[in-house]
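Quick notes on the structure that follows.
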């Protein structure tokens, strides 16, 4: 099976698997007090800045929820796009774990801008209303769009001006960096991001995300938050090793570039099928595509994927680090075949 | 480094690593809707009973806290031994996540018995007091002791008689089964355990635990609890694969038998050193040992381990699935050498 | 000062104050085990039905949040109008205390209808999404509108059909009943409401609300929820006594009728001022009024009130059980005088 | 009925009731933005210090839980006596609402001392363990004993030395002050208390407690905590008015002195009955008394009270601001009569 449902349908990159085997020797202290973890953190600090404070966790929900817990109290609110994974796909974990209300903004393209956020500031100091504390953005967004550095900087500047933090759900940050040809730092620390969930799982890891604080004042209690938050791995070396592989020879970038390229190629191939149209520009590794309604169910049988907007007959396809040209060809052939029926 | 600090200082069993590689082909649907997960669950159901409901999570804290969440409301209390990992080593996660107070009992050997639990029942229906709902026991206990089936059955019977559930933190259940020569089912489903955290990490996995419900009425909402509780792995096949390896050719049992045997051998070797005495009987894979106080610090420099009771100069050593006789010999030689200084 | 800012700016009805004094004799057991509480509950059960289960709490936030806690788990969502007090004015308490996400619907008039709620049912059983469990409506709504019994019944029927409950925030339920000429039961138990917050404070009490369950299966643990939720009064007789006064000689109805009548009279007087228009029909005791923007600030100086919609220059005025015709006249005179300046 | 079960079985002091009526005129802004609240706060600041930050809440559970929330994060622990109301009688609210574990110390007399608290500091910085943040003491304690200023100062000094706060549950602080002949400030601000729950309900109020912060840095967010915590009264003037009465002509002290005196007198009368012995010294307004076991049930029928320690046949009696000599005589006569049977 070769899936276009999500980039977590793929497996583990061979280099990551090799590194897992390589560190599988001898004993080391658990919970992160080991050389492998130290080494991985050093590698990430090279990329994100020497002053960044880096913690590995199991998954994206954990990274987002706990990173936000470090910078909020329960009477705070988190401002995000209506489409944010945080709002839609965490089964309410941010509200449940942090107590915070999410205050959402409807967007065209999944990207927040300053203007519609201003109205939430009206309640400052009014005890009956939650108090905005964080702006959370997804890079890449859930609609496949990519924030440009200036857009992030503007949000950060607005946030900081009003005593708020800027949080980034970077489950696909690597794809954004690859798309823009920029370093990870240029999209985070350099433009004012305060706390980052840096995703590895969707980019070739077996599991593992990093919560990265760009100001150590914000992370002083994070080791307790991670442990109490059920996200502290005992055999931490096996999370660290994966990140080590990802940050060796820029594997993170190569993987992201590859999946982005595959998305572009798929878009190109699709553009030749008149019954199918792209709903949105392809900026990273996801495609939002309007299909003939009667095509969806039969195609899902052979290639499972998610319907994004039933009313619009819009579906989402995602390419992975290991998607091949052959995968694309077979997928497009299947589509063409089914359209003929 | 060969450590006796904890059985999570060891790495991953080769058979587990091989299975991880074996399943690293192609794409599969995420979050557990895949054949590997189905297969692993079927294997565990063979061991624990066809009617058992099985969910994989990342780690022991997650398994304990979420398993307990499924069977408690916030005004409930959880009865456990003062020494329980749940009470001591989860950074307060059970209270924080479930809201429940832990009501603890001081024990000689880490094992709960019915008698001292009775006093907690006095508050039944009294609105000012938390309402006992779960008895939680650790098998193997945190003091290295092992509950016999009849002891578990008695606690279960007491629990059920009073409308309580019996929860087992089975981080080292395999070691208990190996120690008693009993099946996993004989120590859980057959003696009235309602919810089990079954540990894999300390017995040769890279990561991964299973939350097992022996009554499906208790687990009807657990998939939401796991997701909201940040413990749902997207690339679930890589948790499932590990359990598949563990339950193939009884690897779980072989690993546990081996570490138990190594503990017995270490105990035997230690018994020849007059300056050192065992503080407790060795029933599974851990040793509680009274050392000459001046030996502790220098020995920790070469072999890190935890001091269990500073006042008593009691330390804890744990053997692993991969501890070798040579490891034991070198360790004992080091001790002898240091004692001579 | 005579305020039109809120019906909680008024004081305590004399009959309530007298009853407080009347019960201020001798000693009684605390926490509700007293004759006064028994008597008050019996009076409310006459109104709401003998099978209703009634609990007094301190305030509206407590009534709403704890009533909802009794019927939700943390992975549930609560469906309500965007304008709901629950969503806007509880400082995030429902999310924080119950863990639940609020899923909101934009409405014209503050009233929920079935149609826009249907989309939330799509996620049933999908572990990544919160699971709708309760529809919560406000009667009177936050826009001053009143649900008719058939409208409530339709929501209840839809809720029950899909395994949801219907919750009513009845902070001003008395005003709704007075407006429609119906009994409290006809607006709650008879049309399928499952849990009700019945407000007393805005209708002449000093403090005190009742959480009323129309199915005792839902309230079996509520005494623990109330105590743990910090809403159990020790000198309960002084809450009960107020409700006794409110339900003696239909004081609740007289108070509500009076404030409703005053709202109608104020609307009539306003209708003679051409510069001012009603933004919405006056169905209970609140008026939403479009003022000339330059009038707002000076008028607020003499009569504090809340701006409802700054962009529309819309403000909210509320009449109370003790608003007098003279109050209305002076208020209108002040407005006229300021308009001349 | 004249009860010795608790000082919350009494009613409201006449001066408090009069003040409630006195402020029941006209309209005022809700939620504490009124002159009465301002006036009451000023009166309390005279007593507790001009720099104290004072918030009124509904009840003792609310005061304790929310005051502690202001100074803790969920991974913190709260150190208290095993017998603390916080630990025993809040239905788990501190754990549930704040997430914090309570770490308790067994005491002879309900009073904490520095020595047994030291062991909790061993876990500082160890991520697996909760981090002690607050020492919470009850003044008067739940065993009727009274902390002397030097004892409080020693605990405060120890707390501050180790980065902890000192919290006082002062449900009966007035009785302690009366007992020692000291001002409220001498028992709180002057000896290092950081946060105080000051109780009014047990000392003649209808309801109402004050949360008092002696350092405004600790209370900067408390208005949000109080509102989200369901403890913000809309008609706040009726809480404030009660405190105004309590702090006019030192009513708080007179009430406390009276109930203390009545306790002493009861103790004296009891001392003449050979079958009954005092289990503890009477330092404030409660008596712990060893009764002949067969006396308890029949006496409870005429005078309800709580059995403190069934094994010891120890019961608790409490006198109130309105206990009369006649009450004492009748009670003692009843006891004598029953002993004769």
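In order of appearance the chains are A, B, C and D, and numbering begins at 1 in each one.
The working rule: contacts are C-beta pairs under 8 Å (C-beta built on N, C-alpha and C of every residue); 3 or more make two chains touch, one makes a residue touch a chain.
Note that the structure is predicted; figures quoted are calculated from it, not measured.
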{"item": "Greatest separation from chain C - chain, by CA centre", "value": "B"}
{"item": "Same-interface partner of A-C, chosen from the options A-B, B-C or B-D, over half of the pairs matching", "value": "B-D"}
{"item": "Distance between the centres, which are taken as Cα means, of chain D and chain A, whole angstrom", "value": "50"}
{"item": "Gap in Å, rounded to a whole number, between the CA centres of chain D and chain C", "value": "33"}
{"item": "Distance between chain centroids, defined by C-alpha means - chain B, chain D (Å)", "value": "42"}
{"item": "Chain D, residues touching no fewer than two other chains", "value": "74-75, 90-92, 96, 99, 127-128, 224, 227-228, 232"}
{"item": "Residues on chain A engaged by chain B in the complex (per definition of touch)", "value": "1-3, 5-6, 8-12, 17, 20-21, 23-30, 58-62, 65-66, 90-93, 96-97, 201-202, 206-207, 224, 227-235, 237-238, 304, 320"}
{"item": "Chain B residues within the chain D interface of the complex", "value": "74-75, 77, 88-92, 95-96, 99-102, 127-130"}
{"item": "Footprint of chain A on chain D - complex, ascending", "value": "31, 73-75, 99, 127-128, 131, 221, 223-228, 232"}
